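Dropping the structure in here first, questions after.
Labels A, B, C and D are assigned to the chains in the order they are written; within every chain, residues are numbered from 1.
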Amino acid sequence: MKRPSLLGAAWLVLKKDWQIEWRTRARLTAIIFFSLATLLLFSFAMGPDIVTLRAHAPGYLWLGLLFASVLSLGESFRVEAENQALTGLVLTPVEPRAIFIGKVLGNASLLFVLSLVLLPVAVALYDVDLGRDPLSLVLVLFLGCVGISAPGTVYSAISANARARDVMLPLLLFPVLVPLLLAAVSATKFTLQPDPQEQLGSWLKLLTAFDLIYLSVGFLLFPKVAEED
Amino acid sequence: MTPILPLVVLALVVAAIVGHVAVPAVRPWAWKAVGALGAAMLVSLWYFGLYWAPPEQFMSDVGRILYVHVPHVWMALLAFTLNVGCAVAYLMKKSWVTDALAESAAEVGVYFGAVGVMMGSIWARPTWGVWWDWDPRLISTTVMLLAYVGYLALRSFTEDPERRATWSAAAAILSYVSLPIVWFSVRWWNSLHQVQSNPSTVDKPMVAVLRWGAVTMLCFLFVFIVKRYEIARSRQTAAMELPPLEAPRAEVA
Amino acid sequence: MALALEALDISKRFGARWALSRLSFTLEAGRSLLLTGHNGSGKTTLLRLIATASFPTAGVLKVMGYHSQDEREALRPLVGLVSHASFHYEDLSAAQNLTLTAKFLGVEQPASVVTGLLDRMGLVARADSPVRQFSAGMRKRLAIARLLMRAPKVALLDEPFGELDPAGIAQMEGLIQELQRQGTSVVLATHLVEQGQRLTHERLHLEGGRKVTPV
Amino acid sequence: MKPETRNRLIAIGALLVAASALGWIAFGSIGENLVYYWKPGEMIAQGDKAYGATIRLGGIVVPGSVVWNAEHTSLTFDVADSHTPGAPKVKVASGMTPPQMFREGIGVVVEGTYSASGTFTTNRLMVNHSNEYRAPDGGMSGEWKDTVSQADTK
């Protein structure tokens, strides 16, 4: 019997999350409609001024994603808490760090799909121009989704077993994500609007650095919270 | 020299707290002595800050809030650094001492930080014309406070002591790691608002009073943390004692 | 003779309550243990400690000679737990759940192993239905299939007879005896004392988290 | 390799990644790019490229150019490259109440758009309010330093 390596096990965890998602499709559908509603609410709240809407579109887009991510992260660990499946994985045994990598990628991929779905909606509601630099835009979205998922996975593993879990997750997660959001909003802005001073590259580097920090710290911390003492 | 100074102060605070915790003989009186010193320094700080120091050239008397506002935020930063140190120590080797110290440091840090931000807001009103502004320092300090409020909420919502200790240690590390990132990122996001002051950009008498204020607050920081630590320990020990070897009679019957 | 279990003054606290208090006992490898006691007496907690799902607050627990906390990575492949929490993903089918475990364990030819186990536990007809639609008895069968795949040295069974039909109970007894023939130490927690004593060598009775002599 | 050694190596590796990324943010050159701004002369030299896009403009508020509207809620002023008379300058219209430190001769950075009509419209005005705390008779009373360039070098 040859046990899978760290990355092999992570791949199995990721595939398992995709399988669950594919079988129910409930989570993706729910968060798509939730974030659609959020984006619509922003446009209602801001009124019909299309110039303001277009200028603030990156912010609304990321807030929509952030709110949806709380639901999606919570659900991702509700699945693991049901029947104590996460404990089952740890006892199989699967290395907790492999679970972390797999769960982060699973959550990030779901958010990334969501963000791609939201792009045409942003065109319709806020009249943004996607054609300017689509590749960089997709890269920004991807880096941002990974950045939300890395601390999100640690915190939702904690809050899935805590009292008042629905309050705990955003309370813990949002402050930590502030810098990532600032960077993601700015980077998105410069892919949707002209960027004569060429700031996009720096924001992308910054997003990459944030992702690296969150991923490595989460990687170190997750084993501590995944196992009961 | 400036970059090392906070570390030296941190080391002194840690040494003082460890000494207070470790040496039973000093426990009854040391905190009282430091508290009395702090109170005396506070009284003289009123004199130095309000009369002795010159008014600031543009903000006149309003600028005097500097002498309490800045030390408060410094103390918050010190306390949070102590907190993360304890969190790392706890994860490396479990100990109820570091857990209790982490809890008290975080709570005292939130107190100092909240008061510091409030004073900053009061200062902002006459100088900037608004209570609140998109300022890197305001945003980063507030985000820091929110992160630690979340930390304290997590602690109070978790009943099992082991889980509470482990989970909150993880939350403490993530919050602390995000601090420098928040600080740098909001700086760039709003950019160029201001650069850090250092002794060469502040007049000498003002530096002196500021340092006086910082030492005053250090005394209070020490007393608060030490007393809060004792409370945390006494709450723990009730739960920490092992059950008796033989079952109490009522339990068997 | 090597020891399968060695508990040295172990205690486990949840919040302010002691679920297990100052427990010491040993079990020789290959022998089986019956765990009895009322609801809330600490049986499940003890099984979870042995399975390394949780660790003692105080004291040392050794399973197959390994320290349950410090050497848990080496220990985990050797123990298997069938508990109230079935460890299954509700939205995956029975076959998917087992295949997942098989792949994590590195079983060769997982597909045929899984089919064989499902057949043995009488679940082949429902292999592709999600676990969410399973009855309690079917879940238990699936959990046992998972245990058999792991081929543990120490098998921990928490109320294995509950929720099973008479045929299932007979099969369960057969499986326990088969495990014992393979040299596995079975720790059996059940309220059915007579049935349990027939299947095991020793008995540990818990009351309020303490080891007591059964009355 | 023993599993414990391997685990420890992985952990140290992750720690190194985190530390170097943090160092990259703190001491790398990413940040300096992000506080980048054009001086009026540079912006004018860009020609059409500068029109319509959100850009940052930094310079000195030209003394005597500050004009408030009747309600004192918006203002226009000129921003010049430097204190030198005749330096390139741009008219800025701000819809934001400026910070109290705002005054003639001070360094400012504004974020907004430049239009072909020659007016820079901004809703974000940042005064380079200095990090200095001085008594009124202290070294630099009355005379403003070029704080923009000072912050730039920081």
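One rule holds for everything that comes next: a residue touches a chain if its C-beta (ideal position, glycine included) is under 8 Å from a C-beta of that chain, and two chains touch if they have at least 3 such contacts.
These figures come from a predicted structure and were not determined experimentally.
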More contacts between chains, B-C or A-B: A-B
Most centrally placed chain - per-chain CA mean versus overall CA mean: A
Intercentroid distance (Cα basis), chain B paired with chain A, Å: 32
Separation of mean Cα positions, chain D and chain C [Å, integer]: 65
Cα-centroid distance, chain B relative to chain C, in whole angstrom: 48
Centroid distance [mean C-alpha coordinates] between chain C and chain A, Å: 37
Residues of chain D engaged with two or more neighbouring chains: 18, 22, 25, 31, 34, 37, 56
Touching two or more other chains - residue numbers and ranges from chain B: 159, 162, 177, 181, 184, 188-189
Set of chain C residues in contact with two or more other chains: 73
List of chain A residues in touch with chain B within their complex: 151, 154-155, 158, 161-164, 167-168, 171-172, 174-176, 178-179, 182-183, 186, 206, 210, 213, 217-218, 221, 224-225, 228-229
Residue ranges of chain B in contact with chain C within the complex: 159-162, 238-239, 242-245, 247, 251-252
Residues of chain D touching chain B in the complex: 18, 22, 25-26, 31, 34-35, 37, 56, 58, 97, 99-101, 109, 126, 128-136, 138, 141, 148, 150-151, 154
For the chain B and chain A complex, residues of the former touching the latter: 91, 94, 139, 143-144, 146-147, 149-151, 153-154, 157-159, 162-163, 166-167, 169-171, 173-175, 177-178, 181-182, 184-186, 188-189
Contacting residues of chain C [partner chain B, same complex]: 11, 13-16, 18, 21-22, 57-58, 207-210, 212
